[in-house]
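In what comes next, subunit A is part of two complexes: it sits with subunit B in the first one and with subunit C in the second one.
Up next is the complex of A and B:
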């Protein structure tokens, strides 16, 4: 593989990591307008659950991902019931949902972070998994990063198909466009809302589990991921599954090439530069309809 | 697996103290020692490995022996501790409170170069000696603050040791990355001067921000230039990232050197001992450097169920040893304690230590290297616990 192709591939793989981080929040904020600012904390919780089960029970972390997903889904339904149901019901407009859920999200952020801190301490943790180089056409990539990339593509396409071609997907989209209208045509919003929120948390947890294979983990790891996720879903267009994936890829590519030609210290300038440029050209994001 | 952690231990210790308080009232005779440190937020990773476990263990050991001997009378130590939440403002406000409102007898320093720098003026204003074990930088030494003592080796000293090792191995070229923080900049300034003096060419230099998730474009560029040495003046995330990604692309120069967290046991555990074999970094000590160091290591593992790091942890313990000796020698008069620290050659677990101004001028720069799961001291030769692996073996 030529140097440029290799650079592009490494950009795409990093972009896949960004997309994985964003998928869960895209469901919650993109589709339901619940600004779950504690997204990164639930990702961190998923990472800790995977780490804990892998290091104590010696279970293959890939096999743990469905377990983490189910546990986080159930937690999501409970969190929704306790924190967000009233907000979603009582708020007169989606703007009010955004504002109120943001405040609740901040509270959850501190709660989850400090709970993990109390249980496992502030130390860095980690384990080695699939940390072997894989040769693809002469270029070498870490196997665990390729796994994250594969999951990003599969999950994004799966979500796209679900939202576009199934009744559930149509119901979710209808609920977002007009909650009252959706109820009138028989969509059970009372069930669908917590389920979509729970699915968002499940995806955050799986993303955390995947990232724990690649990076070291600590209770404070979540916040930067929330910011990344917000940039990616804004870039791709709120609620667009394919937008998140391509938004992540775009960021990854710009950073890889930008870092090669300039300096990694300019990473933030490059990422925000792309975001500003896209928002100027298409204020609702790349794939918003 | 035992999941006892410092935070939990500290919480239990503090709760126990609170519960026992009515039975054993905190005597007016107790020596109150205050500090603010990160138990949450991004600094906690370093602070809870290197610093606070040592503070708590020291206080427990002192109290188990009956307390500190002040003017012939044993007095127990009471720690007055706050979480600074990795927030600079909180650090400054908390130390101000400790010094003016809580009126503690002594203070212990916060974590990190920036936080120590921020409270230096307070220490001078209120006359509290600071024995800082996680602050490095000529800027801090240059402030000529009479109450500030830096226990770590300074960046130029650390980098000189590396340069000397490189010259001894006839290394001619190096590629360098550094983190865009005060630490990385200070270290790079030191490195650049050392390399120039020793005639080693820096073929490429790049800086990177703390939150970076991919360094492979940079590492590939450096690999193409075939340097003899790769030097990463990194913080923990960059240390892990550049190790993993260099392994992925097969970038294995003769010397592979990284900075903060290379000496952390979790670095070896996360990356695996086979992977880190031959990786070099900043160190000072390990359980083999002396009987006292071994005793400290064993006590730490017993108390916290985890190993101390092989660089600043021992400097932190040395600071506590110095403070203890000072109090037992001159009492609790802080001016006298300061004068004692400044004018004495101290015996510590990392060897004799003497200060010139704020600088520890006794502890030399040390290069350490992971070999079979231990961070062996390999340079300077008179301190070495093992011969260096050179060139670094290929990644496994």
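Up next is the complex of A and C:
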């Protein structure tokens, strides 16, 4: 019993992180058609900020999470102003926005990853935080992983609540349903787009901060998360936040159980296999009606 | 659907002759250039062929394929598996055919997807191929990579890659002037309208996608002998696909000349930056890419087109 609980829990813990990363990317894509391939790089930046502040100033990393979120949000607004606003305004069709934002995303990926590499080097960095085991129902967990899981779920649910019950959330959902319709009833694209782009980066930064408590960090840590986020978004449906949450947990579980029953070196084959199968059979996502 | 208009056919013989002439000049380079410069020319040629063949399908249709590395890697593995039993030239041909066959197979399965979905799934399929080959090699051949012992001479490799590049350019010229090319632009303009007007869109897309995948497959097989050690992570490297897309789009994927000019531009620029700023060169490259997309969205080709219009 304890063993299965541990396996399921480890799947859900990774799944929670996947969900946070994917929701940020999905909001950006769903609202603005910006396929931000450099999303994982901002996750890595969040991880480095947390690591740097914790190791030099000795601040508790949990207290740093809001600081990282605000810093990344501001960075997101600046990046949006500098890069993506021009694309959104100049492009004639949605497909062109997607293609150009993908290219700019590649540029940003090179830029951010190699800047961090130049400043802090390619070595693995890390610190130990709450690395003591906890017993729950006969299963043993590391305390820091449970913490990460809790925060990941809280961040995702908080965001879903925001989208559902606040005015800005309503505006975002209206904009996803029909950009023209939303503008007609007075939703202001000029403020909504940078805010949502910033929120996406803030989520990526928080996910990075959480990851730095559990794993070692390096400049190239972001890319796999970008890819996983793309898979999760496809599973849950482009533009659907709740789909991303469920998709994240699903992928985490598939990876955990799949690796247990087959072979750890098949992990990537499994994730991509799931992606390809879903896209071929249900291209609009698992939960599409 | 009417026959291609004469105006579209008019430039074809001239373009083909120009390609052949350019090829003859380039074929003399091994006697003129040092080893270093020849290697640089080889990488220009490789990226020119990759970008031209990518634009052949993706340019007119606006489909964004990231599967180039999958075809390239499969071609490279054809050489790794077959070079001991086949001559080098044959492995290049087989590599191209394997790439084309694989593209036809995945094309049948996924070409109904558009936009970001298509980009994501072609990327996913590439990674799936990479990890499947890694797993198969590990379980059945008990190896992580393969050593290529009997490589042909550098000049032979150069001429082979040149031949594939010229073939890619000639094919692109012919496709642009043919009914297939018309149908592809029709699909890019409005897929449903093209279908209503009698284009069998599924067949056209699969044929063109498969045709465009022959070249990365052949190039993979031709270039594999440049590296003495082949492993899945290096030949299925998604970076090859990204770079191809990047070069084609910066050059202007709708045009023929754009990708060629931009592949030379990018190969030289990358080499220059790498020598000049060994640490910061990827940062500069990233910055440049962002600036190019923002301020020259039509690609390098739009510079020439705009100037041409002003004269007219």
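The working rule: the second predicted complex is superposed on the first by the 282 of 289 C-alpha atoms of A that agree within 3 Å, B and C clash if a C-alpha of one lies under 4 Å from a C-alpha of the other, contacts with A are read in each partner's own complex, and residues count from 1 in each chain.
Just so it is clear, a contact is a pair of C-beta atoms (placed from the backbone, for glycine too) under 8 Å apart; a residue touches a chain by one contact, two chains touch by 3 or more.
No experiment lies behind these values; they were computed from the predicted model shown.
Of the two partner chains, subunit B and subunit C are each touched by A:265. Of the two partner chains, subunit B is the only one touched by A:215; subunit C is not.
Contacts of A:142 after superposition: subunit B is touched, whereas subunit C is not reached.
In the superposition on chain A, A:256 makes contact with subunit B only, not with subunit C. Contact with subunit B, but none with subunit C, is seen for A:120 once the two complexes are overlaid on the shared chain.
Of the two partner chains, subunit C is the only one that A:91 touches; subunit B does not reach it. In the superposed model, A:103 makes contact with subunit C only, not with subunit B. Of the two partner chains placed around the shared chain by superposition, subunit B is the only one that A:7 touches, whereas subunit C remains out of contact.
Residues 113-114, 118, 265, 268 of subunit A are contacted both by subunit B in one complex and by subunit C in the other.
Listed in rising order, the residues of subunit B touching subunit A in the complex are 1, 3, 5-8, 11, 38-42, 44-45, 47-49, 86, 177, 180, 206-209, 211-218, 220-221, 236-237, 240-241, 244-245, 247-250, 261, 264, 266, 269-272, 275, 306. Residues 62, 64, 109-110, 112-113, 115-117, 119-121, 123-125, 127-128, 131-132, 134-135, 138, 242, 245-246, 249-250, 279-280, 282-283, 285-290, 293-294, 297 of subunit C touch subunit A in their complex. Those residues of subunit A whose C-beta lies close enough to touch subunit C in the complex are 29, 33, 35, 83, 86-87, 90-91, 94-96, 98-100, 102-104, 106-115, 118, 227, 230-231, 234, 238, 265-266, 268-269, 272-273, 275-276, 279-280, 283. For subunit A in complex with subunit B, the touching residues are 3, 6-7, 10-11, 13-14, 17-18, 55-56, 113-114, 117-128, 131, 133, 140-142, 145, 214-216, 218-220, 224, 252, 255-257, 259-260, 263-265, 267-268.
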